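The two complexes that follow have subunit A in common; it is paired with subunit B in the first and with subunit C in the second.
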Partner chain A sequence: MADFLMPALGADMETGKVVQWLVTPGSRVKPGDIVAVVETHKGAIDVEIFLEGVIDELAPLGTELRIGEVLARVRSSSAAASPSPSPSTEPSPARSSSLPPSPSPAPSPAPTRSPLPLPATAAKASPAARRRARELGIDPGQLAGTGVAGAVTLADVDAAAASAAHAAAQTPRPRGFDALQMRQAIGAAMSRSKREIPHYYLASIVDFGAAAAWLESVNRDCGAEEQLLPAALLLAAAARALAQTPQLNGFHVDGAFRPGAGVHVGWAIALRGGGLVAPAIHDADRKTPAQLMAALRDLVQRARTGGLRSSELSDPTATVTSLGERGAESVLGVIYPPQVAMVGFGRVVERPWVVDHHIVPRPLVQVSLAADHRASDGHLGGLLLAAIDQSLQSPERLGPRSTA
Partner chain B sequence: MTGTLRMTYREACRQAIRDALRAEPRSFVMGEDVGRYGGCYAVTKGLLEEFGPERIVDTPLAEAGFVGACIGAALAGLRPIVEIMTCNFSLLALDQIMNNAATIPHMSGGQFSVPLVVRMATGAGRQLAAQHSHSLEGWFAHIPGLKVLAPGTVEDARHMLGAALADPNPVLIFEHIVLYNAEAELDPSVTGVDIAQARVRREGTDASLVTYGNSLPKCLAAADALAAEGISVEVVDLRVLRPLDMATVSASVQRTRRCVIVDEGWRSGSISAEVAARLAEDFFFDLDAPLRRVCGREVPVPYAAQMEAAALPQVPDIAAAVRGLVRPT
Partner chain C sequence: MNSQDIRAMAARVLAGIAPEADLAAVADDADLREALDLDSMDFLNFMVGLQQASGVKIRDEDAPRLRTLAGLVAYFG
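This part shows the complex of A and B:
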């Protein structure tokens, strides 16, 4: 038996509320399956599981759980232990591994695991109904039976599935986020950052001419849907630079730097109505600009309409922000703890620039780094900015022109 | 073949025997009152005159003796057809049937076969009281080495004997005493039947009635009554009680997901128990309702007509059992 814990969906999260289960006791799960929708100040997040096995018990709907509390118990096929909490967790609270009781929280005196309560499915259901219910992810214990001795029958399960599908079509899953709550969460996280992290800042102006020309040539052959924006190229350059300077890609936890496993770039996305999220693009250093563009489109869409996944919120190893066409010319970021670096790109602007002893108009972009001095020094930060500059001068090396 | 194709179950049994005697010179009939009296249930009436005393042999009341003699004859190359007046009396020959007929082929390593056919009357419903009314086919179906047939239709009564005679091993045929007077039109294109498979006698979607013998017409009548209520019942005729054709039974139950087994024999340790156990073992997850059985009451079958009727599965009992699964209140 392994416990599946409430994941840390960013440093600014304290609790999450289970608003929907997409599995039932008996469901078989594998790593990466979306099992629940958890409401946080970032809206409703699709929570992925990282255990393999069969769901044994679930926290009741509506329960507000702190990070690290038990969301579900999984009977593991292999005796896979519960994953260590994500590094972005606060010093993980040592909590009893018992699930919260559903009606009123009676104090549980036993420190050891109490015997599991009878599953809800102890209600009568025919074998065929049970099998169908399992296939459909329905708990037959929740249904009214019309069979012999009130048992749930196949027809009852099918009817429940049909009405659930109908209800799902009627009421969309909760997706909104509370702007006020998010403001408070951002405030808490940024205060912590400014309080705890000794930031240092570096900035360079980078000639975006080669990159702009490459983008134009690539986009000439692409339809509107596949147009590459400068953001994809900036992200690609930043991700590769982070891969080359691993001391800037990771976390400062418990007084020490811990490198990230992979370059998972948190991409800062402004939300309509105020607020900000920076979900991860996994392994961004190994994706082509075209793949990154697709990932960005998908991520922005989901950040604004709902449907971010838990791993996207818990995994970022560094954050990149690009202010875009209507943004300011430069940005000096605030690091998102416990990350140690934040790369910022200002708006691409045309300015006089000296090329081969001549003053010519060039598109320029200001690149900045805010980094945690506990984890690195300015010299290393300078190398990161230089690596970004170098990539942007040879954009063709960032990947094939398209993924097709 | 002479006469009309509409005939009774009794006449079908007689024609089957006559066919066998004509076609197979090694075959003969032996039993109590099969010759001069024409058979206790008049199945062999007229055969003595047609085939003579060498092939229609009256015996003393000595089941162990004449069944044993027929086993010897079978071992020596003949093709005996034994009639046991009712299966109650077959217990006197049980030692011969089980310890010799069913066992010798096995113990001789296949050097001997026992191509024996034993016909016996079974069942209740004609006020013959407890010593002439029991259904013991389930007991015989327990014994490896035997094939146990239970013709529930005139067609099976007409053709199962031929298939049984062609079988190199001992075959028991249980003819139900109530069915002897049943009449049906025979399909002239059917000249033989298998003795391996159960058969779906009526198709339906809501529940399966699994039965054999004289419970078959009762199940078909119950299915008719239930159809009027909007309940669609499939009726499976087992036909062969050993070996059981679970493929046909399970295919039906997998469609309907509900099953009532109807067996005139006593419930405990019956063929209905065997069918239910196999369904529960292998098709548990196909079931959408508990298995149900309608069986004979566990009493010696009474003589009094209303008590005898009460002791046997009846159409309303069968319909009620199905209704209870499909439309529980």
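This part shows the complex of A and C:
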């Protein structure tokens, strides 16, 4: 039996509330399956599980759970299913090592025997009804019992489950976020960043001429859905630069730097109505500009309408923000803890520039780095900015990174 | 398509991108990106939506002509 815990969906999250289960007791799950919709200040998040087995118990809907509290219990797959040893059948140390490392300083893992946060047993209910309610994640205290002295019976629980399933099918999943709550969460995370992280800042002006010409050539005669925006190139260049300077790609946790496993770039997305999320684009350094463009469009859409996945919120190893064509000319970011770097791109502007001893109009972009002095120094940060510049001078080479 | 149809199409597409946007309050010659606070990605999605709704392939070089309501009416009319 393994516990599936409330994941840390970023440094600014404390609690989450399950608003929908997409599995029931008995459901077979494998790592990566979306099992629940959890409501946070970032809106409704699709939560993926990283255990393999059969769902045994679920936390009741509507319960506010802290990070690390038990969401569900999972029975590991039966030994008969596969002769090969499964990590989840080993004792608990191995089990916890099978969980993905959490980048956030999450509370220490919940004790293995920690009970599901089931409601108090004040409600009168038959043992069978109580057991069934536990299985279904229903609070018997919320039901109107039809049994002796108003006790909740098995039939009451089944009826409630059926009507809940019906309601879940009828009502669209919750979307959107609470603007006030999000503002408070951003404030808390950024206060922590400014309090704890000794930021240093670097900036360069990069000639965007080659990149703009390349974009124009690849976009020519394309339909709107195939267009590449400058953002795709900026992201590609930043991701490759982060791969080349691994000391800027990872987390400062427990007094030490821990490099990220892969370059999972958090892409800052402004939400209409205020607020900000920076979900991960996984392995961004290995994706082509076209693949990154598709990922960006998908991510922006889901950030605004709901449906971000838990791994996208917990995995970013560094953040990139691009202000876009209507943004300011430069940005000096605030690092999202426990990350150690934030790359910023201002708006591309046409300005006089010297090329071969001549002053010519060129599209330029200001690139900045905010980095954690506990993890690196300005020399390394300068290398990252230089690598971004170099990539943008040869955009045709921003194909998949060579594995050689 | 007449002007009414084109405006209705633009409003339908925008509803999926900027639900709170009120196209009726936007002047014919106002830049939609500024009037409705659309960023580059929003505007691209607007183009994609218009392309799907109209069946007309919108090329990159056409996009600047579609930044105003008047431009949309001239382009699709």
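In this section, the second predicted complex is superposed on the first by the 305 of 404 C-alpha atoms of A that agree within 3 Å, B and C clash if a C-alpha of one lies under 4 Å from a C-alpha of the other, contacts with A are read in each partner's own complex, and residues count from 1 in each chain.
Criterion: a residue touches a chain if its C-beta (ideal position, glycine included) is under 8 Å from a C-beta of that chain, and two chains touch if they have at least 3 such contacts.
If you're wondering where the values come from, they're calculated on a predicted model, not measured in any experiment.
In the superposed model, A:R272 makes contact with subunit C only, not with subunit B. Residue contacts after overlaying the shared chain place A:H358 against neither subunit B nor subunit C.
With both structures placed on the common chain, the touch criterion links A:E225 to subunit C but leaves subunit B unconnected. When the two complexes are overlaid on their common chain A, residue A:T153 makes contact with subunit B while staying clear of subunit C.
In the superposition on chain A, contact is made by A:A129 with subunit B only, not with subunit C.
Note on subunit A: of its two partners subunit C and subunit B, the one contacting more of its residues is C.
Common to the subunit B and subunit C contact sets on subunit A is no residue at all. Those residues of subunit C lying in contact with subunit A across their complex are 18-20, 33-34, 37, 39-41, 44-45, 47-48, 50-51, 57-61, 63. For subunit A in complex with subunit B, the touching residues are 126-131, 146-149, 151, 153-155. Residue ranges of subunit A in contact with subunit C, taken from their complex: 216, 219-225, 227, 229-231, 270, 272-273, 296-297, 300-301, 324-327. Contacts from subunit B toward subunit A in the complex involve residues 257, 284-290, 324-325, 328.
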